[in-house]
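Right, one structure below, let's go through it.
Chain IDs A, B, C, D, E and F follow the sequence of writing; residue 1 opens each chain.
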């Protein structure tokens, strides 16, 4: 029995609100249960130095959390003077995941900068960030197309992410905070709409997990991502 | 004529949404036109070292801005490794302003930590932060009272803040971004419900301002703050 | 009765020593009672990136304090690895104040860098910095004129600054440390020789202040600045 | 055909040299082909603040790379003033992996600090670090037992790690640098001697990978880890 | 012929002004030609952690330079966020030199913090800092004796420092900036009043120097230090 | 009697292993007793900004120590966020010493970057670094000559370094850690093959040292360096 009374393969209520803020080319509030993340995609001219003159674009991501997004207040990273290891790990993951959603070659010398800022955390912030930011990214690419900044359509396919885990011996989908902090194994799965894996990150918290457990977690994750692709497509009316 | 068609002494639409996020003891979304700030007040046991053992409390404030809260994306301060001068100046102002709203002696050895995070900026973010955070502060103090963490009522009176300025030769209330970036003089006024000034900060952007202009700006500010006190009181049903 | 036995509108002994150090284009020791600040103005070719190619100049300011300028030794900011909020706030103020003293358009692509280093502190260091640095700035501009680095005279008018405050219920001019640390309201006023305000920053330390108090503080500040303009003019023999 | 002429499931020559340096309680040079890492385990009295007084121990890991361990010299992180995201990600992984190899409860209030410093890199440095550091950890625990710092044996089981990937369409074991930089999918697998997974991290570099590919990669990884457990056991004469 | 017309063994005019600033227990302006350094010695209760409870004291030193102490303005270290290698090297030297001037055992659990801040530089700032700070240190120890903070006299003997070098083939005493920047070999010598060496640091700038040159430099340095001991003693009326 | 049973003028066993790692143009493991340092020399196109366009080269050095190179683990400087004063002082010394071994004019616009990383410390790491890195530098210059990156031979002569000190009243050569931590005077001597001094740095740890002691230390150092030149020449078969 899950603390939230959900069935093992049941997602939390999931909403994507587009044009959530005014200035960004793409801006989405993603809500996955009580987890809420503002995702923006900014279109910026130019590319990092290592790509200059190659005619291709770049996508980079940053992740942050408001100090009181969590049960107890955490220090503001700008005040501590550096981003922690968890933050850097998550933003590297978001960047890798979303770079697979666009054709960097088709972008031209533009950088798409993704910002994911958690305003309320209840587990699964990195997966919600990827899923929500992919919609912001879609909108930013549409902005570029409308303004003739790009030829063709550099958006390749939807990318979504969901967490799965072994909670009290059972594989479950979309862990909330009480499950996440008590689970034996925690796995984040990033997939493309076309059914392939972009990233699989499973960690045993305590006891090791078996091949069978891994297999059922992957199956649950696949189901979850399929639902998320529908939600993403509906959000843009596609 | 103001770009927003407002009259000289007209505030922008102003809303205060309490309990905006779940974890903080006080949590308010303040919207002042297109300026939107999430303000939280956290109740934390203990006080900074310089106050230990004195039996009194403390209030401190931090301010941040999401990278794409503005027209063009600004660098994330956690990634740059330090808070800029503007950020530090604003959070020092918010702290001074709100320390006058509570009796630190009555608080006991607790720290109230205020976080103001701008999710969309259109001028006046520091004033909106003070006005909104004062409501979060009110709620945090009520939380302490309900949970018997404090005796009596350490909340002394409402504090609100508004900007005024000389725009195209005329004193106007509550500058939005187009006015703020084009005005000759910019002034932030922080007042208490009892009619006194907590802070007056006026800056000439270019030509100096006269005593007469200063007098009319102060009068406009007083009017604006009076309206804000009503909005604050209504938001808590008082 | 003031601790220093001064009357309410009496400045401390005030001296400006030009050419205090050898290398800077302008170099002034300002002494305001026991407050002593070395102010230098350096003429540096080039402008910050955001101004490149616009044909205009820039003025920037930095402020520091020797560790033992104060009663108890404070940490060296270079050793702590960052400038504190108070330092950043003060140097932003000095920069804004002195940018109004020169015509940046007339400067051409030069940067005037102002350094104010407090070697002994007894209250009023930011105001003494502005008043003293304006003389160093004057000298640096004369250096530029003599060396044909600039056409015409980019120095527009004198700028001076003084603190005022409510001490034991009375408005007083030019607070020294014992007054500053015990006053109810503290205000810094920056004016131009032509009688206008550049900056007015008043802060209630504790109880709020009234419009009447504000009015009498402004009047005191105006008097103080008038005296300082005379001292500045005399220092350069003008 | 692999650039190194190895068969798909062939490890590179793998050696573990114990007591490689003199001062650490455990010190191992791990060589996996041309990848060479010095791994030390230090026994330090006391635990981090969040564990104080709980009677249990802690294990933490740090990872570094000599500037010229790589083809082109990379900046020294101490000189840049911070550890990069990759470094932090790897040392978090090493820490999680090795915490599963010891019973923190049995350790008592000691911290085992693992340092992995790459002196020559040719792909697979994080996996070599885990496998080598586990032997250093074993030796440090033996040191504690011999010196009566601990009761019983807190070392639970061997933990090893290996990379697998899809290179030119084929699943291969233990990627060297030419394979790593050219592969389609890269996966790091951390296992316990008892056959369970501690960590599975697979990333598509470009095209997504399928469930079938994932399955064969996991099988290859299992084989590789089994060989490594033998090498670990032989190194300590067990 | 030296640029300054001095003879080879001639010091620059050298003055020590005690009680230069008001707050420090010892405060000296040292002027060595155009080199001017403010040296303060602060008496601070307590010692660093590594000495706690051992009943002895400590002495530490910090060194800084105003940005425009030099011909061209140098960056403020607090603004750059760290002290440079030259600064750290100098302050370590000052600390070592002056620790030999006091009996740390006799000091009790106090820390003497030496600050040397260069307000004008013309070569020889580190040597002037040591010589001047030793007088500030003397005064701080007298302050401790008068206030019964210490038993006996922890001041052991005078310590002074002077630079010597090979300029245009000739050994010369007390290099000013034009000599320092053009010399072949530069050596700093720190001695005690009792005739021993505390520190000898000689560096060839270009060609190596011979044993004979080293011998004559040491002899010149000894002469210079003897003169400085007289100046130190006279400054305190001893 | 020395703790190591060596005679006063006896070096520890000294070995230089060339081509110790694969990627650097020059790579040497230097072992001086139990002190072990990996020295690499990297050939990098381009020069620092202050030399651009002058047609000459540059040499710079960095020094580091693995956290557990020492008896007790020391913090990783990359994790603390800055290099300590000792590190900066040592790498400045290594750089100055080795710049005298090459003709920067002949190098052309290349930078030779020296990295010295201590993997095991037992006293004398800075001297071993200089002596070992000079061989790595030699190899890097030969690499440049073979690849026609340079005309002629910019390697001028061997540079070596050794420590000497007064231990229990006697001058001794090549201090190991027990001697170094207990000696009265410690001196590092850097010489060229041609018999001149590049750097002499002597420090009294406690009592001052006399001219006679200094003279005998210099003589011991000269002997030590002569032996090291032979070892350097033999290592390259010259």
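Going forward, contacts are C-beta pairs under 8 Å (C-beta built on N, C-alpha and C of every residue); 3 or more make two chains touch, one makes a residue touch a chain.
Please read these numbers as outputs of a predicted model, since none were measured by experiment.
Peer 1: Shared touching chains for subunit A and subunit F?
Peer 2: Chains that touch both subunit A and subunit F, as defined above, are D.
Peer 1: Can you spot which of D-F, A-D or B-C is a repeat of the C-E interface, where more than half the contact pairs line up?
Peer 2: Match found for C-E within D-F, A-D or B-C: D-F.
Peer 1: When the CA atoms of subunit B are placed over those of subunit E, what is the turn angle between 0 and 180 degrees, to the nearest 5?
Peer 2: 120
Peer 1: What's the farthest chain from subunit D if centres are computed as the mean of the Cα atoms?
Peer 2: Chain C.
Peer 1: Determine the centre-to-centre distance between subunit A and subunit B, using the mean Cα coordinates as centres, and give it in whole Å.
Peer 2: Averaging C-alpha atoms per chain gives centres 33 Å apart.
Peer 1: Quick check: how many Å separate the C-alpha centres of subunit C and subunit D?
Peer 2: Distance between chain centres, rounded to whole Å: 58 Å.
Peer 1: Report, in whole Å, the distance between the mean C-alpha point of subunit C and the mean C-alpha point of subunit F.
Peer 2: Once rounded, the distance between the two centres reads 50 Å.
Peer 1: Using the touch definition from the top, which residues of subunit D touch two or more other chains?
Peer 2: If we look for residues of subunit D contacting two or more partner chains, we find 81-82.
Peer 1: Should the ring be read from subunit B with subunit C in second place, what is the ordered list of chains?
Peer 2: B, C, E, F, D, A
Peer 1: For subunit C, which residues are in contact with subunit B within the complex?
Peer 2: 82, 84-86, 88-89, 91-92, 96, 100, 187, 191-192, 194-204, 206-211, 214, 218, 222
Peer 1: Would you mind writing out the residues of subunit F in touch with subunit D in their complex?
Peer 2: Listed in rising order, the residues are 21-24, 27, 34, 36, 38, 40, 42, 44, 62, 64, 66-71, 73, 76-83, 87, 113, 115, 117, 119-122.
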